[in-house]
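Below, chain A partners chain B and then partners chain C, in two separate complexes.
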Partner chain A sequence: MPVKLIRTDHDQEERVKLILRDDTKFASVKIAFFQYLSVAVFLFLVSGFWQLQVQNQEYYIDRAARNRIRSQPILAPRGKILDRDSRVIVDNHSSFSLILARENLKTEHLKSICEGLDIDCDDLRERLRRFDRTRAKYESIVIKDELTPGELAFVEAHRGQDTFPEMELIHAQRRLYPRNGFASHVIGYTGEVSDPELNTTEFARFRQGDIIGKAGIERQYNDILMGVDGQRRVIVDNRGRVHKVIDKKEASSGRNLNLTIDLDLQAVAELAMENRRGAVIALDPRSGEILAMVSRPSYDPNKFAGRIRSKDWNEIRDNPDNPLLNRAIQAQLAPGSTFKPFIAMAALDSGAIDDSFTVHCGGGASFYGRYFKCHAAKGHGSVDLHKGIVHSCDVFFYNLGNRTSIDKIAQWAETAGFGQRTGIDLPGEVEGIVPSTRWKIRNYRQKWYAGETISVAIGQGALTVTPLQLAHATGGLAMGGVWYRPHLVRDPSHQTPPRRVKIDLAHAASVIDGLYGVVNEGGTAARSRLPGIEFCGKTGSAQRVSNEFMKAHRQKNPLTEEDFKDNAWFVGFAPRQDPEIVVVALYESGEHGPEAAPIVRDVIKSYFDKKSRTTPATVVAAVPLRQQPFPPPQR
Partner chain B sequence: MAHYRSIRDLDWPLMLITLSLCALGILQIYSATHDTVWKDAWWKQMLFVSVGLLLLWFVSSIDYHTLLGQVPLFYGVSVVLLLTVLLVGTKVFGSRRWIPLFAGFHFQVSEFVKLVIILLVARYLTELKSDHLETRDFLKIGGLVALPMALVIKQPDLGTALSYLPIVAVGIFLVGLSWRQVLLIGFLALVLPVTAYQFVLQDYQKARLVSFLNPELDPRGSGYQVIQSQIAVGSGGMWGLGVTRGTQTQLRFLPVPHTDFIFATFGEEHGFVGVVVALGLYFLLLMQIVQNAQAAPDRAGMFICMGVAGLLLFHLLVNVGMVVGRMPITGIPLPLMSAGGSSTLSVFLMLGLVNNVRLRRFVN
Partner chain C sequence: MEIFLNRYRNLTVLLVVLVAQLLLLAFQVKSNGDVRLIRVWAVTGVMPLARVVEAVRANTTGFFSEYLVLLDVKEENKRLKSSLGSLKMENQFLKTELATADRARALAAFQSRSPSRTIAARIIGTGTGANSKVVFLDRGSNAGVGKGMAVVTPDGIVGKVISSYPSASQVILITDPTFAAGVISQKSRVHGTLKGQGHSICLIEYIQNEEQVAVGEWFYTSGDDRVFPKGLPVGQVKIARSGKMFFKEVFLVPSGLQQGLEEVLVVLEGVHQTIPDSPETPQTLHLLPAPPPDPNAAGQHGVLSGNLSTDADQMLEKYKRTGAAQGHVFGQAGNKPPNFNLPPDSGSVQPPDGKAAVPANPPLR
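Entry: the complex of A and B
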């Protein structure tokens, strides 16, 4: 019985537990808690949607637009550059450019893309960094121009969804420059605007990635030549596939530019300077139009067209011969004897000498305790102005300089345009130096020594000029005191009135007679005589380094042999009366003036040859072929 | 005791809400996939919902006490199937979750294990010897749930594995814990995530966590989904862009728009108003389930209903939270709306359990 009783107790306990377990109310408070928790979770979620959809809707609409709307550039072709007869100097040709959609860009793809297309990867990374700073993410970046068929095949094969979907091809016009650096310094080149340039006022209006003119005519007339890029906005999906074109703004191409350059003369001058260092300038003194401009050594602007590799750029930049220098307007050198006509004009005009002034040349003369040699060791004997110019007698001009005084010389030199920019429409022209007492005090805080005038009298000393200045000055002198601003673009509206200076025409005539004699009367350039053409000119040979410097450094020899050779100059014009063309040749390290004279002779000869070939009738017929003068550039 | 159960006794408000959500889901699946390779997903989903309804009726007609009696069998089969998945499962996106069936249909075991866990927790907590949870019981149930969890994590499918936890958590919470056990859980809650990050998480899961904290760190990579989802939702604005008009969805910037991220495309095309309506339906659904728990005839029925409610709340929090960038990306579907057979059927089976409990509320 007790056993059963115990069992009954146990059963009762079990039953109590079962009743408890069937009691679902024990957790009602906790279930209520669960309900509140659910409310909290839903409020948490709804607030998330509120934040995204109601508070920040604008932001996300914009982000969605940037996801799907991509703008692709339509590159505008630049205007062509033509010569004075509208023959093409710089053209465009169509090609394919590769662009990267920067939004889709995976940085790990860059290396493979660079390898496949032979792009300098560090350059590209650097450019991408610059783009990221200033351009919206949906704008793409051009990474390679003018794809070769092989590269095109690479792009086509790898632009699939699984490889590099960020690659896109666009049609582009690429600059095509003449080969072998022909007229490269006149034309200049284009390139992608650089970071430092964007910070200058000249280039501030451009945007990262723009191709702009960086030198020469391309830079000077960039606003005319450069078109306005168009743009195509498209809707793309996540793979970059175009679903729809939203809108399209066509590119407007740049306008063509007619230069004053005559391709025939330019070719003659280029040929004459083959394998030489120096410059040639031909201009029409009646208008200031530049007919030819050559600077050597030159470079191949095609390498610059578009995006130059750092390696190529450094190679050109670090070349000791400095091929980027346009020697025609940027070389500042002693003019040597080519300056003598201006000394003569200064001496005559200032009354320091008269027509009858003569000097005895015995191969040298002493001034202020120093002996100055004449280039002719035997001397020229009795020398008057005409003979002095014809034979370039140094002793004669020493005396002229000594009598005239440096400030009178400087005054006449500045009248002729030395020591200042001629105002040619090319960037980077330099001024040269016309020394004077004021110049010496200002720059060296020293007084002028009369002995220094003796050197200046033969175009040495502190005096430096550019080839363009020499051509400009000589042309004006030959015109009897009328100086037109040299220019490269045929644009009547750009024409500035000439600077007319009243000079004594009788003095000018006697100097010009001397220059005629240099070529035609057995003077220093007698071998360059041109039958039938009244070709006048003046030779010059100028030391590159002073005699003192040469003595001091000969032992150590830090300069090459080239540096001790003289520069050969020649300035010539024709005809004697009413000159039509002035040509200056600078042949660096060419030793003697007569070596530069044939260059000038060739150019002048071809000018007159061409003139005689084209009868007036055909010239008239050629006029309508020329392009319309373009409107003034927009600034 | 073998009463005749009429179909009229089902929880019809619950059914109405469920079918409304399914309808919204199918509409959205159509909109998100109509011109993609998944363009047949919407009618497949209709098929799943129909099969789901049949399963729901079938499950609710077997007394849940009978089902509770078979828990050991269910548990054993689950573990074997999970092992099978690891051995022969189909690999998709780097994880083995599916057993291939017929006609291109696949069977995701881990989704159905949820049901087993619900029944397991309900039975275990009902059969406790005392009113409160001994530490020994606590560890035992923890161990029982940890085994399938570990197998699912191994697939790897962290999201689904984690969804087993709220079932246990809700059950234990309802039974009650002593302070010592709270402290123990607190300790584990601190230690486990750290060890998990060190030893369990795969690299892609770590990247997801990092990108959850700062998606802009790698907007093209691991942060992509987070950002694109937020852009989709945000650009929908108050009224939405309209069905098949959402640019993020239609131009496929939004990844998997018909499964894990269906609520992002829903938000884009239906706007804040649509979102509030849908979330409101989900809230009503949860409250209806909780109401069935309160009306349950015994503790087992209550545990079953609350287990379902806890699991659904967890899914909503994690999936919708992920869509708005307030939860890390875990890749678990949104119940009833996301396209997918296993997930849809398992939700219908759970709702079948809830109806099962409801049909037997007057048993005494």
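Entry: the complex of A and C
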């Protein structure tokens, strides 16, 4: 009989217990797993929170700010540049500038924007790259100033969300320069600071995109003229639309600057140099104040007022006449016969000649085996110092040079201020060359030959001067040995004490007497006489190339002979006693000195005409600065 | 009394009848009537009933007889109305066709005369925004229409394409607040920027207060915006007045939207034209002949710097005129030195007070 297993209640209970025990174990494992998972997720979230809120808080705050805050520049107007009578030479005017919001910028838009606004795209890309290195992404960049009505129409038509949302217009004050290059070399121009400039100590404190003075007064007095830009921070939406202005720092404008320039004289000098190459300098020898300064050809600084177009820049840069060169302070040229008064002073002061010294001019003379011609082929006959200056006899001055050593000539020339910067408050002045034995050894490691002095005696050879140096030197000579530093800003703090040199006033009087004769006694500038004005002066014609070179070149290419014509010079001052104005004119390729004399004559005439019409109260008093009066002429 | 009447009711009735008879006889004698009273009474009593019966009869017979007649009239009326409606519709259709033909001819004429390459398109829908002035054209990228292309009619510019799809394109109209285009005035060749205002009048911005713009003057596209070819009519000035800041407030009625919009031309390749010299007259079928080239159209100066000058410019001009008045050539040998104290334009006349002449136009300070 099979055994029948009977499940007892006990078994059943055990079984149930077992089952219940297993289920509990299983559930507890799962619960533990989910607990650990929850803790892990929580830790992960906490670490993320830590990273976002604590560890990189600044970074994310900055990024969030960039997404909604946009910084827009408020450009500060520069100070005005005024003449000595506070008449406006350089002004500011309202204009529109285009800025690019770089955070919205799509590079594929650049080509179309450049095309529409006539911007050099490569140049713009390069600027953006430079900007990216130094400026935060949310800072906008000005890409074009002085928008024309047409460019404004383009910007307005395309700056919507559908086309180029990165384009924004701002209202700014821009430079307004005189037209036609009027006084452009004095004023200079402004422009965006470049990478090489940022690496100089002068401009190291500026940032990419800043507008600075690049040349002339704009550069020299940049700190005074330049204001401080302001800034406007705005909240924009994701489409770049301004919703709120957060804060606004107003721009502070630069200070006005009064120059010593007299617009009346400047205008006449500009007109006299129209269609000519060269320079004109007018200065007051009693103070060193520059009354007029012209250099031609010139350029239009208005083209630089915003950002000059590559086409315009290339046009100026590639111009063979180099319009950016300020010939008044940067042209180093042989002065020709305008240097003769200083040769005479060197000869007289060194005792090489005395007042009674005469020579015979037969149209030329031989020195050291070489024949030197006089400009008057028939000769001047018997020539003394006075006649030698009045008629600019080369033979007379060959003899003076031959009797005076080159070092004595150099010494007097340096006393007069040649061969060194005058110290005018303009950047880029050059020194010129005053040759001497030491100079030749230092530069060529050769000894000086006496024959070379013959050329220097008529202002040729290695001797080079700038028009400003000639005006400065002549003014000091006419003042009896008082040289003021030429300067352009009419501010007493910029004036330095004069350099006084004790010279023999009798010798100076003899020379000045000759200079008076040049204009008033049938001399080389007799046609430029000014009735009623004691106008003294000296003509000069300076060869630009040697006769041999000219002869060789004429055979090769006669068409360019015009380029090698002599430079015409004239230096004049008035009145003879206590001069108030000295004017130098350099007329490149003018061929003959008398061609430059009318330029000086017109400027001096305008000076005395203006003086006669101004009220006594405003006339600058003629202060007798000369050490003592010139003695009367000996003749 | 009541009891008495009830008791002698028959007698009472008889008496009443007799009395009434007597009274009626007396009334008939008194009134001298030809018709006997009984007839009068009969007629009077019957007439209302007869009238009702007659009315019912008449109405009934009339209704039936007239209904049958009216049925025809109504049908005829209906037919006539239907005919009239058809004729009206036909008339309207023909008018529309005529206008369409006119516009088509105008478009065709414009297309043939315009040096720009264009394609005709029909407006098939409008936008939904409250202020937006957006329409859809039935031509899209398959037909060469692309984003940024100009949309015009012979009357003037209409808008520009802002989106292009294969078979349709979206056009923003000249009146949309986000629309802008470069324009130039016909007479004084003043450049400005036209902007939509969300209604039928547009605003022209960036015209300096010193510039001359007259009411009624026509404006044309300047081509500056690189969207619209130069020389297309834009509209006529309705209001021109000086603004508070630098710029005039010039409002213009766009001519391109005046005749309604159904067919337009999309400029596929624009060619700039010159601005007509004579005033534009509203027309749809022909265009004015091409005028001579305009030498004054180019505006190279900044929008606010065109005519500005400094004292230096004034001074140069003054001395130039002084020299010219005295026949003096500056810096020229053999020339008599001039008297710079003479007024610039009066030859040899000395100024009475000996002072320098004041420039005609005061310089900017």
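The criterion applied here is as follows: the second predicted complex is superposed on the first by the 553 of 635 C-alpha atoms of A that agree within 3 Å, B and C clash if a C-alpha of one lies under 4 Å from a C-alpha of the other, contacts with A are read in each partner's own complex, and residues count from 1 in each chain.
One rule holds for everything that comes next: a contact is a pair of C-beta atoms (placed from the backbone, for glycine too) under 8 Å apart; a residue touches a chain by one contact, two chains touch by 3 or more.
Keep in mind the model is a prediction, meaning the values are calculated, not measured.
Participant: Would you sort A:Ser606 into first (chain B), second (chain C), both or neither based on which partner it touches?
Facilitator: After superposing on A, A:Ser606 lies in contact with chain C but is clear of chain B.
Participant: Is A:Leu263 touching anything from chain B or chain C once the two structures are fitted on A? First, second, both or neither.
Facilitator: After superposing on A, A:Leu263 lies in contact with chain C but is clear of chain B.
Participant: Touching A:Gln57 in the superposition: chain B (first), chain C (second), both, neither?
Facilitator: A:Gln57 sits against chain B, while chain C stays out of touch.
Participant: For A:His360, select first, second, both or neither according to whether it touches chain B, chain C, the two together, or no partner.
Facilitator: A:His360 contacts neither chain B nor chain C.
Participant: What is the contact status of A:Leu271 with respect to chain B (first) and chain C (second): first, second, both, or neither?
Facilitator: Only chain C; A:Leu271 stays clear of chain B.
Participant: Would you check which partner chain A:Arg317 touches, where first means chain B only, second means chain C only, and both and neither mean what they say?
Facilitator: neither
Participant: Which of the two, chain B or chain C, is in touch with more residues of chain A?
Facilitator: C
Participant: Looking at A:Pro598 after the superposition, I want to know if it touches chain B, chain C, both of them or none. Which is it: first, second, both, neither?
Facilitator: second
Participant: Pick out the shared contact residues on chain A: the ones touching chain B in one complex and chain C in the other.
Facilitator: Chain A residues touching both partners: none found.
Participant: Which residues of chain A touch chain C once you look at their complex with the stated criterion?
Facilitator: That would be residues 83, 87-91, 93-96, 115-116, 145-154, 156-158, 160, 162-163, 174, 176-180, 182-183, 263-264, 266-268, 270-274, 276, 302, 306, 527-528, 530, 585, 594-595, 597-599, 601-602, 605-606, 609-610, 612-613 of chain A.
Participant: For chain B, which residues count as touching chain A in their complex?
Facilitator: Its residues touching chain A are 126, 131, 170, 173-176, 220, 228, 230-238, 247-248, 251-253, 267, 271-272, 275-276, 279, 282-283, 286-287, 290, 293-294, 296-302, 306, 309-310, 313, 316-317, 320-321, 324-326, 364.
Participant: For chain C, which residues count as touching chain A in their complex?
Facilitator: Residue positions touching the partner: 147-148, 160, 162-163, 172, 178, 180-183, 191-193, 195, 205-206, 222-227, 246, 299-305, 308-313, 315-316, 318-320, 323, 330-335, 337-341, 354-356, 363-365.
Participant: Give every residue of chain A touching chain B within the complex, in rising order.
Facilitator: 20-24, 26-28, 30-31, 34-35, 37-39, 41-42, 44-46, 48-54, 56-57, 59-61, 63-64, 67-68, 104-106, 235-239, 243
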